[in-house]
Amino acid sequence: MIKNKIYQIVEKGSHGSRQNLIFDYVIMTLILLNVIAIILETIPEINRLYGSFLRSFELISVIIFSIEYLMRLYVSDLSHPSSSRIKSILKFVFSGYGVIDLLAILPFYVPFLIKADLRFLRILRLMRFFQILKINRYHNSLNLIWSVIKEKKGELTITAFVTFLALLVSSFLIYYIERDVQPDKFPNILAGFWWAIATLTTVGYGDVYPVTAFGKVISGFVAFLGIGLVALPTGIIGSGFMEKIDKRKHKITCPKCGEEIEDKN
Amino acid sequence: MIKNKIYQIVEKGSHGSRQNLIFDYVIMTLILLNVIAIILETIPEINRLYGSFLRSFELISVIIFSIEYLMRLYVSDLSHPSSSRIKSILKFVFSGYGVIDLLAILPFYVPFLIKADLRFLRILRLMRFFQILKINRYHNSLNLIWSVIKEKKGELTITAFVTFLALLVSSFLIYYIERDVQPDKFPNILAGFWWAIATLTTVGYGDVYPVTAFGKVISGFVAFLGIGLVALPTGIIGSGFMEKIDKRKHKITCPKCGEEIEDKN
Amino acid sequence: MIKNKIYQIVEKGSHGSRQNLIFDYVIMTLILLNVIAIILETIPEINRLYGSFLRSFELISVIIFSIEYLMRLYVSDLSHPSSSRIKSILKFVFSGYGVIDLLAILPFYVPFLIKADLRFLRILRLMRFFQILKINRYHNSLNLIWSVIKEKKGELTITAFVTFLALLVSSFLIYYIERDVQPDKFPNILAGFWWAIATLTTVGYGDVYPVTAFGKVISGFVAFLGIGLVALPTGIIGSGFMEKIDKRKHKITCPKCGEEIEDKN
Amino acid sequence: MIKNKIYQIVEKGSHGSRQNLIFDYVIMTLILLNVIAIILETIPEINRLYGSFLRSFELISVIIFSIEYLMRLYVSDLSHPSSSRIKSILKFVFSGYGVIDLLAILPFYVPFLIKADLRFLRILRLMRFFQILKINRYHNSLNLIWSVIKEKKGELTITAFVTFLALLVSSFLIYYIERDVQPDKFPNILAGFWWAIATLTTVGYGDVYPVTAFGKVISGFVAFLGIGLVALPTGIIGSGFMEKIDKRKHKITCPKCGEEIEDKN
């Protein structure tokens, strides 16, 4: 009975009962506060003043997350039904969220065993948000976006691939053109690749840029290619959304004869 | 009678009578001149030469805006009908535009009471433009844009949320990667967040950028994610506009009965 | 007869006869060579070596353009029919292309009259391209793009207006936030406006950027607003193109009964 | 027989037999490893340690590519049927991929003949990817994207042309405005053109930017034009994709005769 109850609260979030919602919001708030704490810890002034408080909060969080993890382990035969209890536990432990949950609490326990600073793994706690997102009212929107991206996978992949080729070719060219004039800025082709990314995505930090006439010509081409790089996926995704909308909605009822005319797009 | 007249002019702009239009244009011109005056005041050379003139103009403007505010207070029982006069006044004072109107003239009166420089509040006068926009011929366009954004709220929110998560994760990563090499540029995770925003939006000021190989890899991923960040909302909004147009226009003539069928999506 | 002939060649480009095409291409080539000459003139090394040649070429071009202008004046009663000859001439002289043509040759004659360097006006010769574009095969594409922009004028204007308000408000805020810390970078609100444009359009030169925490928050908001600034007009224009295509094409012929079903979107 | 077999493997990739797939993947892997080797060669530390290994790998690759080229020459009468054997060989040698294949192996043999460093030509090997792409499952996506771009050629060309004019005009203006204040940054109009590209594409490296008030005004206009430069092609391409989808899918059932009507736009 209690096991079932725990299962309902910890795993079956999709039911949307009052208890589940409260549990989800508590966990989400805790994660958010945790992330803020991690951020604040890296600011020396704040760490000096409130460091002990932040570490206590981290301690409490880890305890809560650990209890939750143990509870999930406990109900793993319900959430991951299998032929034997051990198999269920292993199934949960090696499931996507099982691994994330473990990695998110691990950094706390590791220093007791070996000397390693894995604190950056704590960021993995954010992944839990996706799990929680799935059960709330944004579910449909997330699904719609995801299905559009999946449906247009072919076109998006080919765009990404051609982009990658363009990056490679332009980083080769810029390296051979600029290396003699700016050997410190373009010491190898990888430096050219870094420049190509910054130019193609139009970020343009300004740490590397061509100074030769021909290098600037290449740069101009890459920058305009970057415009196309935005235009293509946008057009692809936009048409994908339109398709989805058309599919869902295209049905016409003739008001006179009552006939339903289905427009088969 | 006069009260009704004042109400017509000051509040009922939507009627579009000649007097209302003139009143609206006078107020809009006054606001624009005010904003220009505020800008010019911050340029020392101009302030030295024309400072007294600018301050006189500000004085006159505040008097006009104050009179307008009092007039609105006076007709608040017509614009915000309520059970008692006091309630109407309070309703107006705490309405969106009531608060904005008050805050926009307050900076002038505050120094007489307490010592505080609230002059930056004068920028709030620009908010009045939205109020005036509502009543003019751009009303439909504004409504259309707004309704598209509202309809696609779910998809846009989820995109914003995933973007926010990506910003958080990448600022964590860049901080842990770059802090040892550039401790002055990445002193804490917030600095990483600032870098992540500049990279994801492809602004790329160039004040902070990664120098390590792995940092550059992260940077490349974030920059390409930025391309997606443009593609997704654009596709969403574009399809939203298409939907609106379809709704307005989709009509088919049934070839059987000759009746015009309205497609109710 | 000759006058009619001249009129056919110089003005009636739209007829697309062989002679017209040749005339158009000669003029276009001449303009292009002119622009290249103007560019080369500004490079000292080239100017030193080939300066006299470039100036001779400029002289010949101006003579050709002047003859063309006189020819247009001569046939102005055909191209701009009016009650009297003088009126026709004036009509041409003050028409859009009449003014441009005159301004494009003026810089050459002005130094003989008054001392003024108006050579930059020569760039106006490029405007002629639009005139020539109108008559060639890209006419339809240009028209389509133009009609989409015109049809969506309301939505695009409102987007531009809201963008302008956002620029104003953010330049005010950044000025009041950053002026104490970076008085040399943000000496007045206009400097803030310059920063706001560079951030909103995601150009991000890196000459001015916020250093305070609050300034960076504002900067982040403006940069994300910039993403929206791309998404909105793109969505608007994209849906405009779709509308045009729908209008032109939506007609279905039933292959059985031969009935044409018109889809009235 | 053997000739036919070779032809099947080397050229007729589209058949998708097991042998062809293996051959294609081996070639693709070899090209990728080659590109990585070329990149690594430019990093001094790696070149010092593994240089001889990288050069051996390059030698083996060239041998393989050379054999493949000879094999293609051998089967050229099957892949490029012609009236005589010599004509077939020439047809292949001067075909697009024939030239690319030769240029990609040439850099190795050239130093034996004349003294020239053509190693950068090795990047041409990447072009082979397009050839291989054509025969795999991304064929349809590539075709769809290509057909959309081709169909919208008119609109895209006109956008590119107007963009080019805008670049020219703004580089003229910025040069005449900024040359007196920043003669080192804007020595000639070409420098202005470089600035115009960086601004219009919103790359904004920050190596050149206006400092005068009027220059900043021009800069703002160009930057906002850049937004439009993204919006226009995106809208054009997006509507192109929609059109394609409509064409493939628009089918309506005529309610009179029950026949399925295909919409032929």
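A few remarks follow.
First chain written, first letter: the chains are A, B, C and D, and each begins at residue 1.
The working rule: a contact is a pair of C-beta atoms (placed from the backbone, for glycine too) under 8 Å apart; a residue touches a chain by one contact, two chains touch by 3 or more.
The structure displayed is predicted, hence computed values, not measured ones.
Comparing A-D with the candidates C-D, A-C or B-D, the pair whose contacts agree for more than half of the residue-numbered pairs is C-D. The chain with its Cα centre farthest from the Cα centre of subunit D is B. For the copy pair subunit A and subunit B, the superposing rotation over Cα atoms measures out at 90 degrees to the nearest 5. Pairs B-C and B-D differ in how many C-beta pairs touch across them, and the larger number is found at B-C.
Between subunit B and subunit C, the centres computed from C-alpha atoms are 30 Å apart. Mean C-alpha position of subunit B lies 42 Å from that of subunit D. With touch defined as above, residues shared between interfaces to two or more other chains in subunit B number as follows: 190, 202-206, 230, 234-236, 238-239, 242, 252, 254-256. Shown here, the protein chains touch in all possible pairs.
The part of subunit D that touches subunit C in the complex is made up of residues 154-155, 157-159, 161, 165, 168-169, 172-173, 175-176, 187-190, 193, 199, 202-206, 209, 213, 216, 219-220, 223-224, 226-228, 230-232, 234-236, 238-239, 242-243, 252, 254, 256-257, 259, 261-265.
Partner subunit D is touched in their complex by these residues of subunit B: 202, 204-206, 230, 234-235, 238, 242, 254-256. Residues 35, 38-39, 42-44, 120, 123, 126, 129, 133, 137-138, 140-142, 144-145, 148, 190, 194, 197-198, 201-207, 229-230, 233-234, 236-242, 245, 249-257, 259, 261 of subunit A are the ones touching subunit B in the complex.
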